[in-house]
Structures are given as structure tokens and as C-alpha cells.
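Written below as C-alpha cells is the structure these notes are about.
As written, the chains take the letters A, B, C and D, and residue 1 is the first residue of each chain.
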Amino acid sequence: MIPLSWYLALSAALFSVGVYGVLARKNAVAILMSVELMLNAVNINLVAFWHYLTPTAVSGMAFALIVFAVAAAEAAVGLALIISIYRRRQTVVAEDVNLMKF
Amino acid sequence: MQESWIFIGVFLLIAGIFPATPIILQSVILGPKKSNPVKNSTYECGIETFGDTWVQFKVQYYIFTLVFVVFDVGMMFLFPFAVAYGQVPAFMLVAVVGFLGIICGGLIYVWRKGALRWV
Amino acid sequence: MEFLSNPIGVIRDWLAGLLSGFLPPDAVSLVLVILGALVVGALGLTTPLFLIWYERRLIGRMQDRVGPNRVGPEGLFQTVADALKLLSKEDITPIGADKIVYNLAPIMAVVSVLTMWAVIPLAVNIVGTDLNIGVLYIVSVGSLGTLAIMLGGWASNNKYALLGAFRTVAQLVCYEVPMILALIVPVLLASSVGVANPMSMQEVVAAQSGAWHEWFLFKAPIAFLIFFIASVAETGRAPFDLLEAESEIVAGFNIEYSGMKFGMFFVAEFLHAFTVGALVATLFLGGWSGPFVEQAPLLGVVYFILKAFAAYFLIILMRAALPRIRIDHMLDLNWKFLVPIMLAAIVAIAVTDKALPRATVGPLWNAVALFAANLVVAVIAVNWTSAAARQMRQADESRNPPGAAPAASADHGHDAPAPAASHAAH
Amino acid sequence: MTGLQITFLVVAAAILASAVLVVTARNLVHAALWLIATLFGMAILFVLLQAGFLAAVQVVVYIGAIAILIIFAIMLTRRVMQDTGPQTNSQWWLGGLLAAALLAAIAYTLFRVDQQGAFPLANVPIPDSSLAELGKALVSPDFYMIPLVVIGVLLAVGMVGSIAIARDEREKE
């Protein structure tokens, strides 16, 4: 029997790694990959709570599925934006995309 | 059910070991080892390779993959429904028909806009 | 007698009794699992040796030549000789290649196909393991194959390999959509028959074992056809072999591969083709079910292999008979023909089965109604497609009148399926 | 230590290691490959949690679809961003600090909550029919019928929107 807290600890660590990636990476695609890591960390939590606390309800699995759908839509739109920006400005470095800056 | 998954895990390992064995056998033991730079250069119709490997790709590839991702995720919602199909009352098909209709509407829209054309 | 009805179980019990003398019970079950996996894996990996010979002979016959007939009786050992030759080749890794990924890709290609055999039932009690999500498992390991090709093309450090990988992946992911859609139908029908766990392969077969009209081939011919076409496209063989069209471009993603690594891609392709046959047999042709199978379960293996080879024969026939499809037609056929029809077919099947359920009208009339629903969808689809194709032809002719330069078919209207689509419907 | 626990620890270590490599790898394609390794490890975790269906969905959706999409996007935007030079921005240490602080905060909370035994563990086995239950819930008006349709809208809009964004202006005629 694996304790629930192990899953939660793993998910917390994974989420923090993702946060670091989002804040520190230069490349916009890499930032998006870090966001995927964070979404996955959330998914582990959802499924772990479902397995340990409410195994007879379906909400855990349903929410995990919805997270999958959101992650797919997010990746699709995010990468499309990156490609569009790349085409206009020839760069995918997040720092260089600063049209809104004074 | 855990036994099934143990079998799958073991099978994945073994399915990796089986093809790896002849590859290692050939590259480490049986095959000759007389390499030279010409032999190891990349194959390009006989002329020297020029330029970067990273040629610019068409965005078309990305667009088709995009449509695929959306459908792929949509299908994952249909599998639980298909499993439960025998037990759901008929009127609940409305949800699935609506779901499929909306995604199909998206497909028809991008089709009409000409995004599904290979140019 | 017991051995004949349940050979695997008997061997299993015998081995368990033998091992439990000197091993703890957990280790015994693990050893049994490993042995089972070894047997299934070895069987899966040695079949291509036979399949390649079978296919070469058959293609030879269709092209009015003999095919390999020198090594061994009727050339049976030709493939073994080829494999030995590949083993004696030098291993070449191109400069600048990503070594680990480059070597991993062919292994992954084989793994993605071989692991499908873990859940394909050969008989009522002969199966690797009866996973409760078997059908989805097939889809998920199949998607690893796409990744293997992507990795192989990228790691070769060759622009043609990368380009070939891109084309291949584009085709594979596109055809995955109608394939998955078609896979939903057997699950749905099995669930309507009332098995406990409709996604397990064993129970999908059990749902079809009642009578001939229980076969999903008769209940959902459209799903069968589309699954068949999409799966053949997934294997990347003729007529969908434009990604490594031998006669036109040098090769596809595997241009840099040589020796056994190339051999592994080759093995994966042939095994994949036969696996498609096995999947078609399991999901639509009733798998191991057939007459007298309840008295002698071993007969199921014979039935299964016959059905799988019938489907495999059809795949080889397609390869020998059909010309290569063009890339824009390939994509049009998928997105503008197969996917919409499959979506319509799923809705039609689900609604018809609820309107005329087995419980009230009986299994036979339920099957007839489902067949009729499929027929209606097919007729409408073919009519619409041919009308659209006619319209397109007329638009083409009015733009470039006949007698002038032949119409450039590349600029067909985007609001109608390609002519290739209407071909495939017949 | 049971076999299950050992499996978990090994898989968790592999997941964390490859996740760290995702955010530190210099070569973007390598980062994507490590992401795939992470996602595969996650699928194994789902199996350990007896959610085999979600494990399969994880492989199909993440490895089969999203990872391919990411690799395509990397190839499409490859020219400018060479793999030389640092891959992190000037505030990477701040990001690291923030991530460490977040981890510490979550870990502390987790430790406190766990100590108080605030999680009411159910201790009942997962029913065999959970997948059928999920299917029923997804189409039933009392549960997730509206969310299902909303997901459909999300996916369709995401598809149309991202194609509109990604397409070349010249191709639109």
C-alpha cells in the first residue's frame, strides 16, 4: 500500500519543477512544455485523491479527463500562437516578444 | 487486474529486449568495424551534404496534426460512453450526438475555409 | 482430455506445481508471467520470418513470377538467410546522429507492434492477458510507433530522413482518427450485447460468438471497412506507401538505417500488417469463435489463424493491385471522406441499436436493422461523393475545356472530396 | 517495503529526474524527449492508482498527440533558436527561488495536514464497473452532460482558432 502523501509529495515536486521551467526558460516552446508538467502534476493529485478518498464516485476520473482535454486545447492554441509570432518576428524567445513594453 | 498490468509491464520489457538482442549482436560482435568518414557521412544522392539539417518545414504538417489532436482527445471521451452504452437510456444519446456534432461542425468549418487542402 | 480443452492452464498448473517446491508463491507467479511473456513475444517475433516469405511468394505469383524458391523447401528459409546476411553487415551510425535516440527508434518500432499481441486472444483460454481496456491499449501502443518513426527520422541527422519522418507522421496521425473512431464501434456493440467489460478483447470476441449474424462485420460493415483502410494506412504499405515510395524517392525516415536496425523496421512493418489482420479478425470477424469451439477450444486457434490470414491476404492483394495514392488525395480521403462517414456511422449505429434493441426485436432483426442503417449511410455517402466529384469535374472542364492542356487536378475545389475518395467507396 | 512501494519510488525518481531534464536540457528536442519520458512515467503511476483507462488515455493523448505536436512546433521554429548559449533568462535564479519556496510551502502544508490525519481515507476497493459508471456519468444530465458538450465546444473552438492563428496569410487567398 502506497501512502497518499507520497503521491502528493511527488505532485508538489513536479509542480515546482514546472514553475521553475515557466519562469526560467527562454524559449516559448520550452515554457509550454513546463506548463504541461504542471498540468500533469495536477492530474496526479486528482487521480490520487479519487483512488484514496472517493473510489466509488466518478468525479476524479471525469475531472482528469477534462484536464486532458484542456491540456490538449492549451497546447494546440499556445503552439499556434508561438508559430504565428515566429513567422512575424522570427523569434521564439519569450523576452523578445515585448510589443506591449514602453 | 494488477496481474494483467504486471504481465503488460514484463511484456514491454521483453518486447524491448527481443529486438535489441540482434541489433547488439550485429553491431558489437558479428558485423565488421571498418568505418571511415565517407562511409559515415549522411546519404544524399552521392553529393556532399550542404546546409543545415533543419530545413524549414511547411506549416501544413502542423495544421493536420492540430486537427488530429482535437479529434484524438474527443475520441477519448467516447470510449467510456461506448463501454456504458448498453446501460444508458436512449435519450442520453443526445449528449453524444451533440458532442460529435459540435466537433464535426469544427471540422466542416475548417474544411470550408480551405485549411484541409494540401498546398 | 483436460489438456486438449485448456492446454495453457494445464501447463501453467504443472509448472506452478514444479516451481513451488523451491520458490515463494509470489516468485512463482512472476516466473510464470515472465515465461508467458517470453512465449508470446517469441511467437510474435518469429512469425515475420514466415510472413515475409508468404508475402513475397504471393506477390510474385500476382506479378507472374515465382518469388523466392531456392533456400529450403519452396524458399521457406529465404528470410532466415536474409536475416543472417543482415547480421553480418557493418553497423553504420551517421556523423552527427543522436546515438541513443538513433538506436532506440528501431527497437521502439518493434515494441509498438509486438506489444499488441499481449492482448490478442488466440482461443477462449489462450491469450497473453485479458486486459480490461484491451481496445484502448491497442490504440495507445500503436501511437508509440508514430513516435518511433519521428525519433528515427530526427536522430539520423539527414534532411531527407527528417522530411520523410514528417510526411510519415502526418499520414499516421491523420489515419489514426478514423481508426480510433472505428474501434469505438465494436466496444459499443459488445456493450449492447451485454458483456460485462466491453473493452476487453476476449469479451468483444465472446459478444460475437453467438451466431453468424452476431459478427460485427455484419452489424457494422462501414466500421469494418474504415478500420481496415485506416489500419493499412497505419502500416504505411501500398497503396499508402507514398512515404517511402521505393520507385520515386530514395526512402523515407529510415534512409540512414542499415543492417539489423533496418531489419527491425522491416520486421515491424510486416508484423504490423499481420497484426492488422489479427485485429480485424478479433474485432469484426468473431476471433476464435466458430462451430464446435465450445467442445474443443483448441479449434479456436485454427479459426482465428484462418480469419487473420484471410484479412492478411486481402492486405497483400491491396498491395499488389492498387496504385500508389497521391499525398493530397491521401489527406482528402481521410478528412473529407472517412472521418465524416465514420462519425455518421457511429451515430447511426448507436441510434438504430437503441431504437430496435436486441431485447425486444431479437438478435437477428437487431443485426438486420444495424446492417440496413450502415447501408443507408454508405449509400448516402457514395451518392454525395459522386455528386460532388461530378460537380468538380464539370467545374474543371468549364475552366479548361477538353482538348486543351489536361486539367491540373491539384487545384480541385476545396469544398468537395477528391475523386480518389469516390474510388475508395466502391 | 512492498513491491508496489519500490515500483512507486523507482518510477517517481525517474519522473522527477526527467522533469528536471525537461526544464534544463539545452537541446529542445531532447527536452521534448524527456517530457515524453515524464509522461510515460505518469502513465505508470496511473496504473499503480488502478486507473488503467487514464493510463491508456495519457499515452494516446500526451505521447501520441501532444508530444508530436510539440516536436512539430520545435521543428517549425528551429532556425533562430540554436542550441548554443544559455537556455535560461536573466531571472532564472528568481524563478528557482520561487519554485523552491512553493515546494517548501506545499511540503509544509502537506506535512501538517498529514499529521492531523485530515484525509478521510475510504479504504474500499475500486469497483470493477468504474469505467461504465464514468461513461454513464458523462452522458447523464445529472452529472457531466453539460461539461461534455462544453468540452466539445472547447475542442472545436480550439481547433478553429489555432488553425486561424497558425495558417500563413498568403495561403488564405
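By definition in this document, a residue touches a chain if its C-beta (ideal position, glycine included) is under 8 Å from a C-beta of that chain, and two chains touch if they have at least 3 such contacts.
Remember, predicted model here, so these are calculated numbers, not experimental data.
With centres taken as mean CA coordinates, the chain nearest to the overall protein centre is B.
Relative to the C-alpha centre of chain B, the farthest chain centre belongs to A. Set side by side, A-B and A-D show the greater C-beta contact count at A-D. Taking the mean of the C-alpha atoms as each chain's centre, chain A and chain B sit 21 Å apart. With centres taken as mean Cα positions, chain C sits 33 Å from chain A. Between the Cα centres of chain A and chain D there is a gap of 6 Å. Separating the centre of chain B from that of chain C, both taken as means of CA atoms, is a distance of 14 Å. Under the contact definition stated at the top, the residues of chain B that touch 2 or more other chains are 1, 5, 54, 57, 59, 61-62, 65-70, 72-73, 76-77, 79-80, 82-85, 87, 93, 96, 100, 107, 114. Residues of chain C found to touch two or more other chains are 131-132, 136-137, 162, 166, 169, 173, 176, 197, 199.
With touch defined as above, residues shared between interfaces to two or more other chains in chain D number as follows: 50, 52-53, 57, 60-61, 64-66, 68-69, 72-73, 75-76, 79, 128, 131, 133-134, 138, 151, 155, 158-159, 162-163, 166, 168.
By the definition given earlier, chain contacts exist for A-B, A-D, B-C, B-D, C-D. For chain A in complex with chain D, the residues that touch the partner chain are 1-2, 4-10, 12-27, 29-30, 32-34, 36-37, 40, 43-44, 47-48, 50-56, 58, 61-62, 64-66, 68-73, 75-77, 79-84, 86-87, 90-95.
Residues 2, 4-5, 8, 12, 15-16, 19-20, 22-23, 28, 31-32, 35, 38-39, 42, 45-46, 48-51, 53-54, 57-58, 61-62, 65-66, 69-70, 73-74, 76-77, 79-81, 86-89, 91-92, 94-96, 98-100, 102-103, 106-107, 110, 114, 119-122, 124-127, 130, 133-134, 137-138, 143-144, 147, 151, 154-155, 158-159, 161-163, 165-166, 168 of chain D are the ones touching chain A in the complex. The touching residues of chain A, counted against chain B in their complex, run 65, 68-69, 72-73, 75-76, 79-80, 83, 87. Those residues of chain D that touch chain C in the complex are listed here as 3, 29, 33, 36, 52-53, 56-57, 59-60, 63-65, 67-68, 71-72, 75, 128, 131.
Residues of chain B that touch chain D in their complex: 1-2, 5, 9, 54, 56-57, 59, 61-63, 65-70, 72-74, 76-77, 79-85, 87-88, 92-93, 95-96, 98-103, 105-107, 109-110, 113-115, 119.
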